[in-house]
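Order of writing sets the chain letters: A, B, C and D. Residues in each chain are counted from 1.
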Amino acid sequence: MSSVDLGHNFLLLPRNCQVRELQTILRDKTTSRSDFKFYADRLIRLVIEEGLNQLPYTQTVVTTPTNCEYAGVVFEKGNCGVSIVRSGEAMEQGLRDCCRSIRIGKILVDSDHDTHDARVVYAKFPEDIAKRKILLMYPIMSTGNTVIRSVKVLKDHQVPEENIILVNLFCTPQAAHSVVEHFPAMKILTSELHAVAPNHFGQKYFGTE
Amino acid sequence: MSSVDLGHNFLLLPRNCQVRELQTILRDKTTSRSDFKFYADRLIRLVIEEGLNQLPYTQTVVTTPTNCEYAGVVFEKGNCGVSIVRSGEAMEQGLRDCCRSIRIGKILVDSDHDTHDARVVYAKFPEDIAKRKILLMYPIMSTGNTVIRSVKVLKDHQVPEENIILVNLFCTPQAAHSVVEHFPAMKILTSELHAVAPNHFGQKYFGTE
Amino acid sequence: MSSVDLGHNFLLLPRNCQVRELQTILRDKTTSRSDFKFYADRLIRLVIEEGLNQLPYTQTVVTTPTNCEYAGVVFEKGNCGVSIVRSGEAMEQGLRDCCRSIRIGKILVDSDHDTHDARVVYAKFPEDIAKRKILLMYPIMSTGNTVIRSVKVLKDHQVPEENIILVNLFCTPQAAHSVVEHFPAMKILTSELHAVAPNHFGQKYFGTE
Amino acid sequence: MSSVDLGHNFLLLPRNCQVRELQTILRDKTTSRSDFKFYADRLIRLVIEEGLNQLPYTQTVVTTPTNCEYAGVVFEKGNCGVSIVRSGEAMEQGLRDCCRSIRIGKILVDSDHDTHDARVVYAKFPEDIAKRKILLMYPIMSTGNTVIRSVKVLKDHQVPEENIILVNLFCTPQAAHSVVEHFPAMKILTSELHAVAPNHFGQKYFGTE
């Protein structure tokens, strides 16, 4: 499987050695919870930085303190974050570390134990969400069902699919294909495509083992 | 009304000028969201510090690098935080700033629009919650209904009432009386008792106006 | 010895159990460096909060989002921090955690190995330092010589003695008496007055053992 | 001028749009000090992450919580940071955000006003510095003189040139050539090579204008 199969909207974080080290620490069952949280936050920040990089920007010229002109870029306003409870909330601080006062909404999806259907039990967004670019935060994707249900909620709120960037840490090929198939216009950014997802992530991060 | 009426388990943060300034900034409708979050975090940390101070501790003697003995204190292990969604989550970072790797659970209570009854839609705790001392986080109390419902959930999980410390920023006298009456053995810590609660807190903190 | 002997400008942080626990951890030679830094930062924030509380403020009335009036307080502008290198720099982050964009100056004093005289080798201040209230940061005072030399530098820059608040963590009675005698109008705030100062503080905090 | 001329030890941070936006904000004279610090910290973290990526690592296999094997990497121990006073100290927090309890040393170099010679007035290192890999932090390089003097101090302490990675934000071509010529075995990492260096960086970051 290559990322090409998943189309140009599916993006992998450049996999340098730091990224690989962070993935290794998060996979390792002997990692302490304090370390787990610290290194998870680092990997989250790197994925968020790359996610922000997908947002639209324009050219600009600014004046320096020595009154020179400097040709730069400026990102457009009107972004927000939405975390999928519970593990997505682990990514909120990383988003704030990069965008100090960004608005952050939330979706809580529950799975029916019998049918495995995902159902929304809670959602809270900025009022003008339909006009915003959205960083949808969810660190672990095994099947993609929770994300698919959450994106449907956003679309119910008139958010265009192409305004959503899903930021993720670990993704299975199955989940990647499922989500891409459902929402081909949504951008997906992850740090690793691997058959086994570290499903203990949320429990270890928040200590609710 | 004085705090005496509310019994010895109801505690007010010492109201020095910094605390009053933070309350003033959080009450002021002209405060920017970036400032609101920054100063809320400061007040939260001060309330959390005072809340931690209510936990049990024991005497200890440690050896210094120069091999002297030093008589100190050590707090007992086995604490955890529980935030009441949504505004209670604003207090999670403050708790982590004081207790690096503390476990954090979560309760989501919804109000019925017709009956105003509070009902639990989601709860996630550390497995051994019944044995832990709990800092229950909820910043604004107007009626106390959400807190009362949440404490019932904790008691359903066999948590003794006296193991809970409710940490709060702003509380109305009505809510204070209601919560104290329901749970006389629970400790309640707030920074201000005032007839008007700043109900915009959660929306302003997370930017979901 | 009581703090009364040291006059009304010498202030001790209220010594509750949390403060005592932090002092215990910082005194304990078995504390890991990671924990040392974390708990030092907590004690530093508490001292800084108390230091900020000494600054001048005025009454104000603000309007709440529900258009009520709220009687509050506002602190005067024009403060800055000055850290004494090197251990004082450990307090800079704590100051920023409370005052987001406060200006921070710096003084480096060196001791002559033969004469034990302190001599200034470097100083960098905001240009208008003479008009500001100054939080002078230095965590450990054994003899007080470094602080005395540093305050002289500030006075050379036309800073009135009464505009300086020295924020400190651990102080010996000898140092307290010496500094109070030299600068009776300067406020001094510490968390502990004890015959033995933990002189390993800076080396352990920065890891330059 | 191309980076090729500077040899394979001179590295430029991949210049994506987020990086360009951060550079734009830091160049803009209308940027508030609070924003300046926030965005500088973001750019610093990105450079530090890339700097850490230059450190030696080895292959490892870890066991996951589900008892699978995972092939990962682990970085070698024995790194430390050294900041060149004053502006280099702005990079210390970013380093700690990536390496929680890394040891941090310090060098203070002063320039003679008449001869423009740089001279060391203060240096403090971990005792075993000669055996460590060093991230040398200095954000702005105009001439390279301060860095050259600082590296000489490290070499006087038996640190091999190839053990040093200089992490920098803004560098002039003149400084780049001068430093590369002096220390061809040292790695240099910067985010921008530009004829004009934003020399107001340290003053704006610390507010000592």
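Following the convention adopted for this analysis, contacts are C-beta pairs under 8 Å (C-beta built on N, C-alpha and C of every residue); 3 or more make two chains touch, one makes a residue touch a chain.
Here the structure is a predicted model, which means the values were calculated and not measured.
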item: Both-way neighbours, i.e. chains that touch chain D and touch chain B; value: A, C
item: Identity of the chain that, by mean CA position, is farthest from chain D; value: B
item: For chain A paired with chain C, centre-to-centre distance based on mean C-alpha positions, whole Å; value: 41
item: Chain C and chain D: spacing of chain centres that average the CA atoms, whole Å; value: 29
item: Multi-chain contact residues (two or more partners), chain B; value: 100
item: Touch-based graph of the chains, sorted into line, ring, star, complete or other; value: ring
item: Listing of all chain pairs that touch each other, if any do; value: A-B, A-D, B-C, C-D
item: Chain D-touching residues of chain C, taken from the complex the two chains share; value: 32-34, 37, 80, 85-86, 89, 93, 100-106, 108, 110, 121-122, 124-127, 206-209
item: Complex interface listing, chain A residues touching chain D; value: 14, 16-18, 20-21, 23-25, 27-30, 38, 42, 45-46, 49, 52-53, 57, 60, 62-68, 70, 72-75, 97-98, 100, 196, 198, 200
